[in-house]
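Same chain, two partners: subunit A is paired with subunit B first, then with subunit C.
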Partner chain A sequence: QKVTVDVLDHLERLALVDFRDSEGVERLQKAIQFADQLHEVNTDGVEPMDSVLEDRCLYLREDDVTEGNCTKELLKNAREKVEEYFVAPPGNIPLPKLEERETYLQSS
Partner chain B sequence: LKARRLCFQVSAALKEGHVTPTELCQRCLALIKSTKFLNAYITVAEETALKQAEESEKRYRTGQPLGVLDGIPIAVKDNFSTAGIETTCASEMLKGYIPPYSATVVQKLLDQGAVLLGKTNLDEFAMGSGSTDGVFGPVRNPWSYSRQYKEKLVPESHPEGEDSNWVITGGSSGGSAAAVSSFTCFAALGSDTGGSTRNPAAHCGVVGLKPTYGLISRHGLIPLVNSMDVPGILTRCVDDAAVVLGSLAGHDPKDSTTIQDNFKPFELPNLTDVSKLSIGIPKEYHAPGLSSEILALWSKAADLFKNAGANVIEVSLPHTHYSIVCYHVLCTAEVASNMARFDGLEYGHRSDMNKSTESMYAATRREGFNDVVRGRILSGNYFLLKQNYENYFVKAQKVRRLIANDFMKVFRSGVDILLTPTTLSDAIPYIEFIKEDNRTRSAQDDILTQAANMAGLPAISVPTALSERGLPVGLQFIGRSFQEKQLLTVAKWFENQVKFPMIELEEVKRHDHGVFQHHKSASFS
Partner chain C sequence: AAVRGCSGVWRRAWQRGAGGPAPCGRRAVAGSARGAAVPAGKSGLAPWVPVVGLEIHAQISSNSKLFSGSQVQFAAPPNSVVSFFDASLPGTLPVINRRCVEAAVMTALALNCSINKRSLFDRKHYFYADLPAGYQITQQRVPIAVNGTLSYSLCTDNKMSQMVTKTVRIKQIQLEQDSGKSLHDDTRSQTLVDLNRAGVGLMEVVMEPDMCCGEEAAAAVRELQLILQTLGSSHAVMAEGQLRVDANVSVHHPGEPYGVRTEVKNINSIRFLAKAVDYEIQRQIEVLENGGTILNETRAFDSRLGCTVPMRDKEGKQDYRFMPEPNLPPLILYDAKSLPANTNHQQVVNIDWIHERLPDLPSVKRAKLVEQYEILPEHSFTLLNEDGLTEFFENVVKHTHMKPKKVIGWILNDLLSYLNQHSLTVKESPVSSSILADLLNLLEKKEISSTAAKQVLVELWKGEGKTPLEIVEEKKLELIQDQEALEQICQAVIDGQENAVIM
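Let's look at the complex of A and B:
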């Protein structure tokens, strides 16, 4: 079963990363094919494993402020900033629809 | 410099004043320059290294070195944050990024007086098994230029000439492996998510240790797969690995996935009696594609233990065949999540696109990530879609438990250590390697190493012998959780038995002023 253009478009929006070309789409197809081998394994009654350290308690430290006051340092790595703010382009504007976007998927 | 090989020996030389930290640092920096063609380093921190060497020298002069690592030149893979030193992960996304803090493991080494020479090259964001897919180009295996490899080369009909025969380092910590292998540093940090420390260690003829998950802090290691990543240690001998492990292991309040047990650094005993050891040989590791050469070496190693009185038995890890598939799903899923932080707002590359946050993020990521990274992000997102979550992600998590259980069963049956090959073959030429894409290569090359990451177990690759082509082959030992002392003790015994030959490099010979240690004693193959 090939992945539909709708799903590919959906993935580009979720990931905010593009397929770039037919190779990219092929790559995903192959990845899915590869992953499908998992279904050969019988996992009845098996619990999913999140972490190999599942039998231990995570360390929780005291809720004390131990570091901070490094605004200058942190802002050094940002390209766009104003005073102590990171500057972002306007939000609440959805990514253009497939037909209006510059994406390889348009042609497929 | 006879003492160039071991941390311990050079440490003694520093203490006795036979060599100073500054001399040592300068020699390493000069060697880095003359081995530039290896492309092992992305950033060489010459000024800060010399300063650190100076500080170390002061301490030695007043008879107060901080420890064995004081003044020892080291290198760090470029996916560890180093305060004030560019950290790129070999990606456009982080070119020019200067972290405001150092990874815990880096800080620990610096606190012990180690001299940080620079950041080593890798596959972009540690995704790959060749160290060929980073924006700074591929790393060349130093053994490509060794007498041992060159004399075995059949005059090829390559029109490109001599230079096309160079072989890969393996990956993704290829730069670190090459750096240690070519004597430009005494130890290097790598990372290991699916074998990224052990694979290049095997190909470059150095020791590559993957510690138990939770033993060493990941704070500052730019994450790939949070549930499997560990910092890896690359050295020229097992004793050195134990020393570095000793300075790095232990609980870190900044990494809540480090265990809280007290860790005591240890010195490795010189094991003489292996009769109480039970060595397991997992039959599934006789994987398709395993070269007959490596199969023979593996068999020889098993016999070595048997003849020395150890109990060597065949065991089964039945889900081995599925571990690479499982890894593929879990890895891409965690990658999809971890790479989401790169959006251009707070650090790293930022696109000029300014229409909206969404389009800026998309353009930034379009410009910053290579095909491999983008491919894994998209695959990961696919497996995490609501309609796929149960069938792929959760399914993979269940298979992960089965894989981990396989190991538990074997260790519970009395086996102490597992012995397996590390790689399917010796290092292949770069022009061969690039004929297949990254995902295919990774799937092939990780097959013997990544199950240990699935189960969180400690594993080490020890250089064993040279192949017919004159290239290093390593064998892998996998141990029980948090039993690094036992693992390294056995590895050290094995290392002493096989007496792996030293690499003979022109550049190194020149720097040595004629004092070059040859290992004439019987070697393993």
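Let's look at the complex of A and C:
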């Protein structure tokens, strides 16, 4: 099945990607097709594995303070700072609605 | 005005009285309520059933954060207790703090939960400046504990002083990371971000929607707060953001399906929680009775105006794209039975070991107080409710012969009311427990009357350092013990009132 415009819009909004042109969408379609091959495997009665670490022990750390106190170093990465605070835009800048975006999806 | 019964059914009196919240900043919708046509099918009063569910985030009391070794420190200089992991710098990995796991287990046991001996971590994705990784590590699929209960009490009637016990079911408890803090600077159109709080361990306690009003919600949260403070798993001070409550509110008619719910955030105290919930219930009833619909939205409580308003920045339904946290294996908890031999104790969290060491929970403490001192259950609630009051009471009892059930009256009526009037904590009381004990001893030995004792107390509040005995002597408040002297006084009164006294 083809990926619908609604789903593409949803993906652009969530992942902040830009399916600029038909090539981008085609690449997505191919990637989904490739992954769909997994459905050919019969997994009846098999517990899903979500990590190869599943039978490892989760290491428990002692509750000691061993890090921090590196404000200067951290702020080196900041493009803008105000008195040791990182500066960010006033809120999430909402993605414009589909009709207002310059995207390939318009023409679909 | 709406009239509420504790059974949870709200009836909207058709006459609009002075009560009920007016929508913020706008005049209350008038007219349609008075004598207008009743919605089809119903006549007179249409009962509403409010439904309230709470999501509570309690900051874990620990030295370092949930997945990193930076310090948990309130009000530290901005970005000073932030590790590379907290700032989500590439190449960093989460390492779980044992103390946080223990805190969650303690809390789960205190709330009668089933503990999942194998629980998993997941990533919850959303974009916000104070969440540098773009996701929060939480436990969505299999949390550390499920299916618990919390019992709390309510006064049914102020006059009758009858207490009623209610329970709310705990859906689950999960471990998760706190986010950083955003300071909105609207004048410069920017947000300042402080990551000190990013990564601090939280226990999210999800309650089933078993409550019906603000009073129940407040009582349940208060009891949870006391439990957490008793366990030490969280300091649970709401004012410092260590206990945050979001309320989910909806209303429906009995027998009909649940209504659309709204989520109310930004509630900063238990008092405001009750107000916010009650306001939202009223607001929803008004909207629905005026033919409107409730939006499934997030609203913020404005404590200044006493109402809820739609929250900005919450556009549409979020897709959190939950996925397993690939860097963390499952969290395994053991008990005495499942404990493998030859294990490194530091690497093992033993549920039974923790269970054995749980302190007396508030409900047990109250029962013990009632039994030991023969006081009323509602007295025990007040004792536990005020920080330090139980200790004070027990100290006084220790140092006086007066029966505890008489002492309690002085503690609750005289001491506590004075402290409340002057906004003092028990620790700040100018009258110490030993001074009060001295005073009560004078009363008990019948050296002064109880009226005199109250007068002495008034003097003692001044905190001038005088002892009760000194004040009694100064003001000549001693009861006259001499029989002859008393007879003389009585005779003199009778003699002086010959007309009034009939021989």
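Going forward, the second predicted complex is superposed on the first by the 106 of 108 C-alpha atoms of A that agree within 3 Å, B and C clash if a C-alpha of one lies under 4 Å from a C-alpha of the other, contacts with A are read in each partner's own complex, and residues count from 1 in each chain.
Heads up, the rule we're going with is that a contact is a pair of C-beta atoms (placed from the backbone, for glycine too) under 8 Å apart; a residue touches a chain by one contact, two chains touch by 3 or more.
These figures come from a predicted structure and were not determined experimentally.
Participant: Look at A:V5 in the shared chain and tell me whether it touches subunit B only, subunit C only, both, or neither; answer first, second, both or neither.
Facilitator: A:V5 contacts neither subunit B nor subunit C.
Participant: Which of the two partners, first being subunit B and second being subunit C, lies in contact with A:V82: first, second, both, or neither?
Facilitator: second
Participant: On the A-aligned overlay, A:D18 touches which partner chain: subunit B = first, subunit C = second, or both, or neither?
Facilitator: first
Participant: With the two structures laid over each other on chain A, which partner does A:G91 touch: subunit B (first), subunit C (second), both, or neither?
Facilitator: Both subunit B and subunit C are touched by A:G91.
Participant: If we overlay the two complexes on their shared chain A, which of subunit B and subunit C does A:V65 touch? Say first, second, both or neither.
Facilitator: A:V65 contacts subunit C only, not subunit B.
Participant: After superposing on the shared chain, does subunit C or subunit B touch more subunit A residues?
Facilitator: So, of the two partners, B touches more residues of subunit A.
Participant: Please identify the positions on subunit A that touch both subunit B and subunit C, taking each partner from its own complex.
Facilitator: 10, 14, 16, 50-51, 53, 56, 58-61, 70, 74, 77, 86, 88-91, 94
Participant: Residues of subunit A touching subunit C in their complex?
Facilitator: The touching residues are 10, 14, 16, 50-51, 53-71, 74-75, 77, 82-92, 94.
Participant: So in the complex, which bits of subunit A are touching subunit B?
Facilitator: Residue list for subunit A touching subunit B: 3, 7, 10-12, 14-20, 23-24, 27-28, 30-32, 34-35, 37-41, 43, 46-53, 56, 58-61, 70, 73-74, 76-80, 86, 88-91, 93-96.
Participant: Inside the complex, what are the residues of subunit B that reach subunit A?
Facilitator: Its residues touching subunit A are 97-98, 100, 213-214, 227, 251, 253, 256-260, 319, 322, 325-326, 328-329, 332, 336, 343-348, 350, 353-362, 365-366, 369, 371, 374-375, 377-379, 381-383, 385, 391-392, 394-402, 404, 437, 439, 443, 455-456, 481.
Participant: Applying the document's contact rule, which stretches of subunit C touch subunit A when the two form their complex?
Facilitator: The touching residues are 62-64, 68-71, 77-85, 87, 89, 95-101, 120, 125, 127-129, 182-186, 189-195, 312-313, 315, 319, 321, 324, 326-332, 346-347, 349.
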